[in-house]
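Just below sit the structures, each encoded as structure tokens.
Okay, so chain A shows up in both of these, paired with chain B first and chain C after.
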Partner chain A sequence: MSLDAGLAPGTRSALEALLLAMADDEFVIGYWDSEWTGIAPLLEEDVAMSSIAQDEIGHARAFYGLLGELTDRDPDTTAYDRPPESFRHCRLVDHARTDWAFTIARRYLYETADAVRLAALEDSSFAPLAGLVAKIQREERYHLAHAEGWLRRLAVARPEGRTRLLAALRTLAPDAATVFTRLPDEATLVEAGVMSAGTADQAVVWRAGLEPLFAQLELPLPGAAADPATGRTTHSDGFRWLYGEFTAVRYMDPVAAW
Partner chain B sequence: MVSAAVARAPAVPTVDQVWAALAGVPDPEIPAISIVDLGIVHRVTVGGGVGVELLPTFVGCPALDVIRDAVRERLAALAPGATIDVRFTFAEPWTSDRITPTGREQLRRSGFAPPAPGGAELVQLMPRVACPYCGSRRTRLENSFGPALCRATHYCADCRQPFEAFKPV
Partner chain C sequence: MPRRAPHLEPYEVFRQEKDGDPMRHGGSVMAPDPELALHYARELYGRRQESTRLWIVRRADIGVLDDPDWLQPPLDRSFKKPGGYVMREKLGQARARTGRPKGVPGGGHSPARDEA
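Moving on, here comes the complex of A and B:
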């Protein structure tokens, strides 16, 4: 039986789109992070990235689970049985993983953006989401501190660390703000108190929050998304490769019990 | 006390009997501590059957299914034939402050530094945690991530022992 969220049908479908976007973001970045297991630059980073990946995929599972309660859809089916073009993660997390500086640059941009998004949901009128967000916020602080620590280290690691970091920020700049891609009918979510601010307002808060550290480290601030309309719908060959990886076991035996 | 309850085999046990039974369910990763002392039991209800709501320590904790099965099994032994409903909830966040004083001591004796009180503080900002082996505070954080989502790794400069600490969350 599906959960009765007490929402108008339009708001309910907007909520489903929000949950899917958040779940896919956490799922895809979590899988990219997991690619570092065994090959991170330091042993301690093998541990850290594996743990962060497990957290992010756990958050995805919880969001897919909540979505499943609204739609009667099995979370594993949502995660593993969709064609790649149905994923709604943002382009910031769509890029292939490449090097460590790229991973850190992306993680920092993503974690800061995710923190703003979560803050807009912490007092959500949809109680199951507010509860989950309160829990996730306590875990994400560790991810943000990890990314910030490495961002600071790389920014002053001249020449190679800084050069690589700047190259990563250049590559990511057109897509950094795609976390805040407008969601279908998001105005109804704000009206219903599901979300306290729309994505455009969240993006302003995010960018203002980035400014002090980027100024201190003399790093270029990312601008607006280059193509805001397709921020969650266009996917790269990099993502298609990752999709093949994370669905490989599922395809081996689709009816296996886990 | 628990075995007496089983011997009487009540169709539906009392709330206290359920809590006593749950106190006998160990955490699967650190069996020295029970799920009650870990603070993950949110609510117990008895009525038509037995209902238990649990709080995950971490959202992605891989032990959740194991804990749920262990609780179901324990309650089935306590109340044979009763309807048993065990579920996880995020109705309130589990925080490391929910670990009982007994639980903190059990963690320490198992070689895990208990979390600093006040889960609002990140592990990076924590005052130096005491080594669970020698008690020294001359310890340093090696990694705020560890072998399980809920743990960080530290090193004691006095007894030269690496050790794990529960993360404050």
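Moving on, here comes the complex of A and C:
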């Protein structure tokens, strides 16, 4: 029995698209960051980054689970049994992991954007989502503090740390705002009070929030998304490689019980 | 460019398991600064919800006293320990007065103290 969200069919499918986008974002960044396990800059950081990556995959699981209640689909099926092109994560998290500065630059851009997105859902009229968001927000505060701490360190670590951080921000700049890629029929979500603000308004809040720290650290602010229409639909070879990694065990025995 | 290893230093982590418990030493983490020490302490001593509070202290900031002349003086100081004062007879008399046998709580002394 799928959950009766008390929503019009159009709003319901928009809600499903929102949940899938958020779940895929958390899932993909979680998997990228889990690639640091064993090779992070220092042992303690290895534990920290692995734990944060695990948290993100946990959030993805929760979003896939809520989506599953609407669609009657098993979260594992949604996560692992789709072809790579039907993933709806944003291009910010699509890039291959590369170096530590890149990971920190992306984490900071993503965590700040995710915080704005979650804030737009904390009073959601869809009560199960508001409840889940309240829990996730508590963990994301810590993730954001971790990313910000590292961003500050790297920004003043001359020459190498800062050089690498600037290179990462340049690579990510055209895709940073893709977290706020317009969702299908998102106007109905705002109208129904599922989301308190549309993605374009959220992007404005996000950029304004970045400004003080970026100015203080003399870092270039990312601009608008270079290709906003395809922000969640085109994926890189980097992602296709990651997809092969995270589905490898599943495909060894798709019907195994874990 | 030669790579410098990050300058790490040890931080001692104290943890409280639940409200009202004393802070107990949990272990230590290596970190390049106090902020990351906080994060690493959180991950190593708190990520499984096993702590309600952590204290993270730079080891270099801890006042250390381990001078044996201060702590282990050579002369007999056994009279400063409770064991230096023999209670056994007095306790026996007290028990006889109250009629309460040895080992029954409520006598105002813990069993450990009674044995001293």
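In the analysis below, the second predicted complex is superposed on the first by the 258 of 258 C-alpha atoms of A that agree within 3 Å, B and C clash if a C-alpha of one lies under 4 Å from a C-alpha of the other, contacts with A are read in each partner's own complex, and residues count from 1 in each chain.
Note that a contact is a pair of C-beta atoms (placed from the backbone, for glycine too) under 8 Å apart; a residue touches a chain by one contact, two chains touch by 3 or more.
Owing to the predicted nature of the structure, the values given are computational and were not obtained by experimental measurement.
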Looking only at contacts as defined up top, I'd like to know whether chain B or chain C touches more of chain A. B
Let me test your reading of the model: by the given contact rule, A:62 touches which partner, first (chain B), second (chain C), both or neither? first
Using the superposition on chain A described above, determine whether A:246 touches chain B (first), chain C (second), both, or neither. neither
Considering only touches as defined above, state whether A:47 meets chain B (first), chain C (second), both or neither. both
May I ask you to decide whether A:153 touches chain B, chain C, both, or neither, giving the answer as first, second, both or neither? second
So, A:145: does it touch chain B (first), chain C (second), both, or neither? both
Answer with first, second, both or neither: which of chain B and chain C does A:80 touch in the superposed model? neither
Doubly contacted residues of chain A, that is, touched by chain B and again by chain C: 44, 47-48, 51, 142, 145-146, 149
Chain C touches which residues of chain A in the complex? 41-45, 47-48, 51, 142, 145-146, 149-150, 153, 160
Could you pull out which chain C residues touch chain A in their complex? 1, 6, 8, 29-33, 35-36, 39-40, 42-44, 47
Applying the document's contact rule, which stretches of chain B touch chain A when the two form their complex? 56, 58-62, 89-95, 119, 122-124, 142-147, 149, 153, 167, 169
Within their complex, chain A touches chain B through residues 44, 47-48, 50-52, 54-59, 61-62, 128, 131-132, 134-136, 138-139, 141-142, 145-146, 149
